[in-house]
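These notes concern the structure reproduced below.
Labels run A, B, C and D following the written order; every chain starts at residue 1.
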Amino acid sequence: MNLTILIHCQDQSGIIHNVTGFISRNEGNVIYLDQHVDKQAGVFFMRLESEFISEINVETFKSQFSQELAERYGMEWSIHLGGDKPKMAIFVSKYNHCLYDLLSRYHSGELLVDIPFILSNHKDLGNIAQQFDIPYYHIPVNRENKAEAEQKQLKLLKEHQVDFIVLARYMQIVSPRIIDVFPNKIINIHHSFLPAFAGAKPYHAAFERGVKIIGATSHYVTEELDAGPIIEQDVTTVSHTHSIKDFLAKGRDLEKIVLSRAVKLHVTHKTMVYNNKTVIFA
Amino acid sequence: MNLTILIHCQDQSGIIHNVTGFISRNEGNVIYLDQHVDKQAGVFFMRLESEFISEINVETFKSQFSQELAERYGMEWSIHLGGDKPKMAIFVSKYNHCLYDLLSRYHSGELLVDIPFILSNHKDLGNIAQQFDIPYYHIPVNRENKAEAEQKQLKLLKEHQVDFIVLARYMQIVSPRIIDVFPNKIINIHHSFLPAFAGAKPYHAAFERGVKIIGATSHYVTEELDAGPIIEQDVTTVSHTHSIKDFLAKGRDLEKIVLSRAVKLHVTHKTMVYNNKTVIFA
Amino acid sequence: MNLTILIHCQDQSGIIHNVTGFISRNEGNVIYLDQHVDKQAGVFFMRLESEFISEINVETFKSQFSQELAERYGMEWSIHLGGDKPKMAIFVSKYNHCLYDLLSRYHSGELLVDIPFILSNHKDLGNIAQQFDIPYYHIPVNRENKAEAEQKQLKLLKEHQVDFIVLARYMQIVSPRIIDVFPNKIINIHHSFLPAFAGAKPYHAAFERGVKIIGATSHYVTEELDAGPIIEQDVTTVSHTHSIKDFLAKGRDLEKIVLSRAVKLHVTHKTMVYNNKTVIFA
Amino acid sequence: MNLTILIHCQDQSGIIHNVTGFISRNEGNVIYLDQHVDKQAGVFFMRLESEFISEINVETFKSQFSQELAERYGMEWSIHLGGDKPKMAIFVSKYNHCLYDLLSRYHSGELLVDIPFILSNHKDLGNIAQQFDIPYYHIPVNRENKAEAEQKQLKLLKEHQVDFIVLARYMQIVSPRIIDVFPNKIINIHHSFLPAFAGAKPYHAAFERGVKIIGATSHYVTEELDAGPIIEQDVTTVSHTHSIKDFLAKGRDLEKIVLSRAVKLHVTHKTMVYNNKTVIFA
């Protein structure tokens, strides 16, 4: 069996030595270790995968880890059992490219998650959910019913024990009502190279400005719009020959790849968040 | 002999046909033609290179072009004789990477310009100018003497009949006093992927924001800081493992390549400016 | 109505002038013109889009074009009516990522083609064809039955009046039997940065060689394996941390994007082939 | 003081734990640790930087490291004192872009090396050496005198206690006579995306093949031409509009950046070689 351990704490001497010793004493073998020290903040980060030849009791392991290491170093930590499939809810509006990309990866076994449902403020993409045999909930959102709609969303998220949410071009702002329940667990794709062109209609703004490169950014959702910790970005070149329609088409290819990469990083526990930035152990 | 013709005007029927006919009647052969229509603005752009087997009188050619075509279609236009070397002044402060890159291209014959002088508000890079045998003028600039310093600069620029200016990490804001004399003829390199991180210390701001990609942007200088028409941009990836110092080092490589590309596009008459954007016939 | 004209012929004086004149006399307006001269080969290429305010008779137009221009200049040419949807057959084996990418673009109206059928030497992807309501033909291919299998394929291609074929990770070598019927009309995706790693198992070879960048290449199929005219290529970085499995996963994202781009270029008549190379008027 | 430790050995349990313990007992603090396991080969790699508050005796440290760890685990290892400047010889022929790039980085303190001399089979770049005040040795090489010329080169390399050699577009094949003395210590830049277009005139071959992307590759020199362990690669897009001359110009920008990156990785002890591949701890 495999365990993945994520740690961050104040930078101190001896952490690696003692964590690897703990693994050894539990008859585990470190098969991957990556660490990072943010020198400005004085914070230590580590991701470690270990292999255990015989089955161990994970709860006992966690409790010992907590007592012997986490308390001593003041760690924030999590331990994940290899093979666990997190439950991922997908929120969409009308664009289908990110949804198709996620579902085809899911369908071919590349994306190791369960998808309890797809949720939308529109009916349009219901047929795609049907293509892939996934429940589709249509919850319209408007200025008047937003609080109520989000209560319905939360109810669904709880009922299905959702672990994290992917906003696959969900054209609504998610309020703290939901963000607070899923801190660093809502992944958005923004269709620009943030922080350039935050907010609405970024391709139009990019066209107007005459940039020679456009981008897409996947980030965790925080209260401040388009300002959460960036997980992944990518770009592509454009020129005066491209119309806004061309920007949109090129952007779709960026968006779906960037979002899927970010989701995979999240699912494989390769992201850590600190000071509104990410450490990506890729 | 070769002529390069740049045209822009309101989009109308028959322009290409009539311009190519004019070239033909002058016993020229079109060896390159690129055109673009900005449909939003209704504006037509064309860049055309022609080869003339026998020498023609360029002044006569220009005057006929003006009468037969430019007036009829309301063109803004310019005609450039192949082999002409524009006079390029370089402004620097203390960073040498862009300067070295420009000078080594100049020295090896890749960049076909004359460089009458290098100008700086500091003495530091005088030795590089000396390495390449180019006059170096040191004109200190501070809050008090800015107007006076720019008068001195203008005097030098006029005396040397400078055609265009390259700000090769010149850490001063150039005022309208100079911009107005060199419209779309001052090329700056900004050390970010504009419009993200305009203004001072962009690498620090990029580091703070936790972006995964940094960039550099070369643009024509206009009155609004870092907001002129973009000529060229490029980017490179960064991660949490990179310090600000790493951002700076990676950025230097971007800056020098992006600036040199923009200068070469300008020198070969491949840039046209309209609505604060560029058409790049590359 | 819109017409797209593709031309190539020996480079001669006056072609652009005379073609644009022909358009004008037919009351058309040139809305896009791109041309290229291969100086080594002395060959002229042009792509031209024109808009005709009133309906014109396309057959008459073609016949006049042939008499007045094509014969005179010895042109190879084609004229395409805007809005026509070519018929595209897709050949697959067991990998689904390219198929999903093509079908989702087709389904959302981004890829303007008809898809009469999907053909495979395996049954595996039949369910995806069903998801998108497209006929799926299963024609097993092995060493013994290859000639016979290709006869069946040809029969289907003819019956459905297929215009071009996309090999979306079809793991069989297509023989001249089919290539000769579809010259420069079979688009393949090869999972390497050609000409590096032609042939089988390119990711394994790339891993073995320790490259730092992997790629994908879409090209027209010719008799020589993986040696046809390249339409589109793209790359992504890898490092020692990536296993062959990681190469495969990163490669899938390249392959699907590169193939779809190539298909779109073909469908919009932006590719021309000469001397086993492409001119891409993108 | 800082020490950088590089290790590789058969993968075994407990290495990280015991190495970090050794550092601790010597009152060092790990400030960077990166490790990699090549699962196919069963080999463990580690790079570790430690900070020692008080000066330690490096020879004693090395000797203890050897006894307590290296012998036990069968390690190949090296320990490097922070701040040491390796001696780098540069070999050139007639192209100056890589030379200028290296020298300008050296001159501005970005590249922390000593450069005892530049060596060439031609006189052409002597003036650049002079610009930067570095001795320039001209040793002509031809078919007849090659052995003798290499003896002269070896003599110079020994006299100046050169640590590693950079072939900055040195257009001669280096023989085992020199390679054997500098194993994995000769860095070459090849002007293609290896393994595509190994050998002479790669840009011409790339042009002929009609690729849409060209590249450059920096690698350690081994006996087999252009087949040594790859350190760094980068690419740029090209199209049918680019002539061979354009390929060469775009290539120059790639070559100089890729070579300088590789040299910096080597100088900062971030490269390890195994099975003709590199592990790059960047």
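Assume a residue touches a chain if its C-beta (ideal position, glycine included) is under 8 Å from a C-beta of that chain, and two chains touch if they have at least 3 such contacts.
By chain, UniProt protein names: A, B, C, D = Formyltetrahydrofolate deformylase.
In this text, all values refer to a predicted model and were calculated from it rather than measured experimentally.
The set of chains in contact with chain B as well as chain C comprises A, D. Taking the CA centroid of chain B as reference, the farthest chain centroid is that of A. Inter-chain spacing, taken between the CA centroids of chain A and chain B, is 42 Å. Between chain B and chain D the centroid-to-centroid distance comes to 36 Å (mean Cα coordinates, whole Å).
Multi-chain contact residues, meaning those touching two or more other chains, occur in chain C at positions 241.
The residues of chain D lying in touch with chain C in their complex are 36, 38-39, 193-197, 209-213, 215, 229-235, 239-241, 243, 275-280.
For chain B in complex with chain C, the residues that touch the partner chain are 13-14, 16-17, 20-21, 24, 29-35, 37, 237.
Residues 96-97, 100-101, 104, 107-108, 110, 131-132, 241, 249, 252-253, 257, 260, 282 of chain A are the ones touching chain C in the complex.
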